[in-house]
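Note that the chains are named A, B, C and D in the order they appear, and that numbering of residues resets to 1 at the start of each chain.
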C-alpha cells in the first residue's frame, strides 16, 4: 500500500502551503516541489487504480466518522480514472510550466501555489463522497481559477477574471441553495446516503434541487447559457492555465454534474436534458469558434464544443455511452491541453494572439507546429489518432440507443470543427510568416511536456485497448448505483464493528 | 523501266497535261488589276473551265499572279510568297505596271521591271488588261507548260545571286530566311 | 507473424524511416522511399494470396484484414501506379523543400489505399479511408498554392463524405452487432426499410466525393491541379478509384436488394453522365494543363460512375476496365505535365509551345495516353468505352448513351488542346534550351503508355482479373458469354476482330507513309515553323504566332448557357451564408459579464418554469 | 496467307473503286456548282487532273514528323472505314471486315484520321491551321450528336450494333430504314451536312478566311494524299448511309445511283447556302437535327 486516497488531498494542500516556506530557504524548490508532489500522486493514483480494478472500490473515511455523518473519499474505478487523469495532466502541465516566470520569483511562487490549489480542489471534487465537502472543493478550485485567470494583471485578464467571478459566485449560490434543500429534506449530506434516500424526498423539492445543481455545476461544467465566462478566462489566462482549465477543471465540473444526475437522484428527463443541453452547447460554441480570429479564444470555444459532446455521450446513459464519454473526456483532456500548450508558443510574441499571427510558424517552430497539428487532428477525430476512437464509440453508442438524428447533428458540427482546425494548420505550414512576429523557441521542458502528450495521443490512437478495459469498468461503476451506495455505507458499518 | 526514256516521255506528257489543265492561282492583289479577277473567275468569263482556280496559300499554288504595280514594300512580300511556292511554279505579270512601271514609271517607290526581281513567265499587257486578255494569258501559259518551256523557277534558281542582288538593291532592310527550294 | 501485418508494418515503418532519413541525407531518403514501395509491391504479389485473412480485435471490436479477388483489381492500380510514381517523384521532386513530409504522406496514402482494399471490416475501412484523406490533403497543400481554397474545399468534402460513411457504419454496427463487411452484406436484405434507403445513400456520399461525382465534385479540379504532379498521378489515378471501389461494393451489396432500385440507379447514372458532360466542357475552357487534366479526370470518372450505376455485368466490366485504363492514361498525362513543368517552369498552354522536337519521348507517351483517353482504337480506352456503350444500349439507356457519347466526343477538343498547346505550334527561341526530362521521369511514362497499347490489343490481360473479381462480388463469369458474344473479343478476352483491323490500320498507314516519304525524297525539305505562309510576312524571332488564347471560344460561346452556373458559386454562397449566420449567433457571447449573469438567471427561470415538462 | 492476300486484293479493289467514284463525285460537284452559278464549269474529270498535278509537283516542304505523317493518318481513316463498311449486300465482290459492334468502331475510327491530321496541322505553327482545327473539332462535337442519336435509334430498334445486320433487316423486310425510321434518317442526313463540310458548314477550311485552315501548309504530295483520302472517305460515308438507310445495293451501279442521289443533298444545300459561324453551326446541329434524333429514339423505344 503506497498510500490512501486521503493523500490526494492532503499532500498537495500541504505542498501548497509549504511552497512559500520552502521558497524562503531555496528558491528553486518552489518549482521542484509541486513536481515531486504530483509525481508521487501520480504513482499513488496508478497503484490505487490497479488495485481498485481488481479488488473493488476503496472508500476512505476521514476523521473516523462513519459515512452517513462523516466525510468520506471514494476511489472507485470511475473516480479513480478521473483523478488519475487530472493528476497526470497536472504533472504534464507542471513539466511545461517548470520554467514559467523564470525570472520573477514572487510571480512563480504565486503561480505554483495557485496551481497546486487548483489540482487539489479538482481532485477533491472527484474523490469526495460528501456533497458539502464537494462544494468546498469547488470553491477552492474556483477561487484559485479566478486568481489564475487574472494572473497577468492586464486590463483584459482582470475583466475576464471578474466575469468568471461574477458567474462563479452565482454558481456557488445555487449550489448552496441546492445543498440546503437536500439537507432540509433528508438531513444528510453524504452522497451515498442521499442516493439511497432520494425517494423519500418530495418530488418538487427533488426537482428543484436538481435544477439548482444543474445551474450551479453547469457553470463549472460549461454548459451553454452558463459558459459566457469561458472564452475570456481561457484566452486571458496563461497558456498552461488554459490547458489546466481544459484538462482538469472542466473535468471536475462535468464529474460533479454527472454524479448528481446519475447517482444522487433518479429524476426522469435528466438524460434527455443532458443530451439537449450538450447538443446546444456543442452547436453554438462550434459556430462561435469558426468565427474567431484569435487562437486561444478559438481553442476555448472548441473546448466548449467538446465538452458538449461529452455531455451528450453521458446523456445517452447506456454503459457504452458512458464508456464513450470517458474516452472523449480523456481525449479532450490530452488533445486540448496539447493544443493550448503548443498554441501558446505559436502566438508567444504577438500581442493580440491572432490566428493570422501563426502564419508560417511551421518553418520556425517545427516541433511545436507538428505537435499542434497532431493535437488538432486528434481533437477533430481523425484516425488513427486517439480522438477517432472516442468519436466512434460515442457514435455507435448513440446508434445503439437509436439516436440517429443526434449522430447526424454531431457529425455536421464536427465538420465545422474540422474546418477551423485545418485552417489553422494551413496557416501554420503554408503561409508566409508575418514580418513583425519573432517566433519563440519552446524550452526543453515545454517540448518534453508537449511531446509526452503527443506520444499519448499516438499510443491511444494505435492501441486503444490500453485504456478501454479501465474505462469499461469505470462506466460500469458509474452505472451501478446500488453498488456505490453499498460500498460507501457498508464501509461505515464495518468501522462500527 | 522508270529511267527508260520513252516511258519518261509518257510520264512527262501526262504530268505536263495535268499541270497545264490545273492551274491554281495565287492572286496577289497588289494594284488596281485585282479588280479584273472577279469577272475572270465568275460566270461571264469563267476561268475555271480552263482548270484555273484560286488557291488559298502559296504552298498549294502553281501560279503567282502579280496584278498591278509593286511598291518596294510589297515586293518583299511577293518575293517571300514566290519562294514559298512549290515547284513547278509560274509567275504572270499582269498589266503594264509590271512590265515597265506603267503610269508609275517615274514613281520613286515602285518597281518598274518585275523580271529584274523574279522570273516572269508571261506578261499580260494592258492598263488594265480585260478578262479576255487574262484568259488569253492563261492559255499562253498553258501552251508554254505543254511545251515544257515555262521554266521561270529554274531560271530563278540558276540566277539566284543576280536576282538577290537586285532585290537587296531596292529593299533596304533585308531580313528574310534563306531560299531553300 | 502474418504477411499482412508485415506488409503494413513495412509500409508504415518505411514512411517513418523515410521521414527521418530526410534529416540525414537526400540519397538515403530517396532510396528508402523507392525501396519501401518496391518491397511492399513484391511482398504483396509474392507472399499474399487471394483469400488470406488475419483477425484481431481492438477494444472489443473484432476486425479482419485480408484480400480478395475484387480488391486485387484495385491493388493492381494502386501498387502499379505507386511504383511508377515513386520512381517518377524521386526525379521530379529533386531539389524541393520538405521532401520528408512529402514522401511520408505519399507512403501513408499508398498504405491507406492498400488498407482500404484489404479491410474486411468497416472500422479499419474507415480508419484507412480517413488516413488516405488526410495524407492526400497534406500533399494537396504541399505546394502552398491556394491552400485555403483547394485544401479546405478538399477536406470539407472529404470529411462530409467520411462522416456520412461513419454514420452508416455505426448504423450497421448498431443493427448487426458486427463490423464485418460480409456480415453487412448478408444482413442487408433484412434491414428495416428506412435503413435500406439511407445506408446506400450515406455510403455513396462518401464514395462519390472521392470519385468526384457531380454535386460533390467541386474540390476535385483544384485539388488535382494544386498537388505536385508526381502525386497527382496517384491521386487522380488510384485514389479516386477508391471511391469507385466503394461504389461498386455499395451497388452490389445494397442497391441490388433495394425493393425498387431503378430510380436509384438512374439517378446515379445520370449524375455520372452530367458530371462527364459538364466536366468535359469545363476542361475545354481551361488554359492550364493541370486544370484541364483535373477536369478531365472528373469527366472520366463520370463515365465510370455511370457504368457502375447501370450495373449490368457488361457495364460493371467496362467500369472496372475503364478504371484501370484511366489510371494508366491519366497518370501518364499528369506525369507529362510534371515533366514539362520541371523543364519549362510553367504549365500554361498560352506560354509553352512547340516542345515536340525537344521532348519527343514525353510527346509520344502523352500522344498514346491521349489516344487512350479519347477512346480511339486500338488503345485501351476504346475497349472500355465500347463495352460501356454496348451495355448502355443493351440495358435500354437511350438518352444516357447520347450523353456519354457527347461527353466523349467533346473530349477530343481538350485532348487536342493538350497536345497542341504543349508540343505543337511554333517553336520558340524562349524554349530553345528545353531538354527532354530525366530518364527516371520519362521511363514510367513510356512504360505506362506501352501498357496502354498492350492492354488495348490484349484486353484479356486485364479483363481476366476483373472477371475473377466480379465473381467475388457475385456476378456470374462474363468470360464465355459477353466476350465472345460481342464479337470483339475471343474467349481469352483479346481483341480478335481488332487484329485484321490493326493490320489494315498499320498497313495503310505504312503504305502511305512510305509514299509520302519516298516520293520526291530529295526535294522534300524540313522548314522551320517560322517559315509559314502568312501572307508573305516573315514572323520575327520573338513573335509567337501560335494560336492559344481563347482556343475554343466559338465552341464555348455555343455552350455558354450551361456553363453560366457553377456549382462552386452555390457552395460558396452557402458557405458565406453559414458563416454570416454563425457570426450572428456568435454574438450570444457578447463579452459582457452582466449579460452572462443575466443568462444564468434566465436559464434558472426557464428551468424552473418548465421543470414539470423537463423533469416531470 | 491466302486470306491476307484475298483481303489485300479486296482492299485495293475497293480503294480504286472508291477513289474513282469519289473523285468523280467531287468533280461533278464542281461542275454542278458551276452550272447552278450559270457558269460553264470545269470538266467532270477536273479533280483527276488536279490530283495528278498535285502528285507531279516536284518539291514539297514539311514542318516536322507529325506534319509529315498527317495525311497518312487521314488516309487510314478513309481506308479502314471503307474496309469496315460493307460496300454491297452480302459482301459481294468486296471482301469486308465488318463485325458485331462495328458501328461504334466506325464512330471512333472516323475521328482517328482528322485528329491525326489535326496534329500535323498543329505542328506547322501556322495559326490558320490551328484555328481551322478548333473549328473543325467544335463542329464535330456538334454534328456527332444527331448522328449518334440516329445510330442509337437504329441500334435499339434492331438490337444490333452491326451494319450488316441492319442491311439484312432491310433486305428481309424489303423496306428501307429511311422509311421505317424517318426521323433517324432526317437526323442522320442533317448530320451528314456537317460531315461533308460543304457550305454552310465550311468554316473549317474557308479559303477566304483561314487560307484553307488545317491544310494551309500542305502542298504537293501531302495535298495529293489528302485529296485522295477525301474522295475515298466521301464514297465510304455515302456507302455507309446507303447501307444503313437505303437498303444497301446489290451491284455497283445501283450503289452509284443511290450514293449520288444522297450526295446531291449536301451538294445542293451547300451551293445555295452562305456560311455559318462556328457557334451557329454547332447550335444548329443541337437544334432541329437533335430534335429529330430524339424523335427517332422515341420512335425506336416506343414502337
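To be clear about the criterion, contacts are C-beta pairs under 8 Å (C-beta built on N, C-alpha and C of every residue); 3 or more make two chains touch, one makes a residue touch a chain.
The structure presented is a predicted model; accordingly, all values stated were derived computationally and were not measured.
Distance from chain C peaks, on a Cα-centroid basis, for B.
Chain pair with the larger contact count among C-D and B-C is C-D, by C-beta pairs in contact.
Chain C and chain D have Cα centroids separated by 36 Å. Put simply, the C-alpha centre of chain A and that of chain B have 97 angstrom between them. Between the CA-based centres of chain B and chain C the separation comes to 59 Å, rounded to the whole angstrom.
In terms of their C-alpha centroids, the spacing between chain A and chain D amounts to 79 Å.
None of the residues of chain A touches two or more other chains. In chain C, the positions touching at least two other chains are 523, 525, 527-528, 530-531, 533. Annotation for chain B: residues touching 2 or more other chains are 57, 59, 87, 181. Every pair of chains meeting the contact definition is listed here: A-C, B-C, B-D, C-D. Listing the residues of chain D that touch chain B in their complex gives 30, 34, 37-43, 46, 49-50, 52-53, 56-61, 207-208, 210-212, 215-220, 223.
Per the touch definition, chain C reaches chain D in the complex via residues 353-354, 356-357, 367, 374-377, 382, 385-386, 389-390, 393, 396, 398-399, 401-402, 405-406, 409-410, 412-413, 415-416, 419-420, 424-427, 485-488, 497, 500-501, 503-505, 507-509, 512-513, 515-517, 519-520, 523-534, 545-547, 551-552, 554-555, 557-559. Touching chain C in their complex are the following residues of chain A: 159, 162-163, 166-167, 170-171, 174, 207-208, 210-212, 214-215, 218-219, 225-226, 228-229, 231-232, 267-270, 273, 284, 287-288, 290-291, 377, 382-384, 388-389, 391-393, 395-396, 398-400, 402, 404, 407-408, 411-412, 414-416, 418-419, 422-423, 426, 429-431, 463-465, 468. Per the touch definition, chain B reaches chain D in the complex via residues 14-15, 17-19, 21-22, 24, 42-43, 46, 48-49, 51, 53-54, 56-57, 59-62, 86-88, 181.
Chain D meets chain C in the complex at residues 4, 7-8, 11, 55, 57-66, 68-69, 71-73, 75-76, 79-80, 83-84, 97, 99-101, 104-105, 107-109, 111-112, 115, 118-119, 122-127, 130-131, 133-135, 137-138, 140-142, 144-145, 148-149, 152-153, 155-156, 161-162, 211, 216-217, 220-222, 225, 277-279, 282-283, 286, 293, 297, 300-301.
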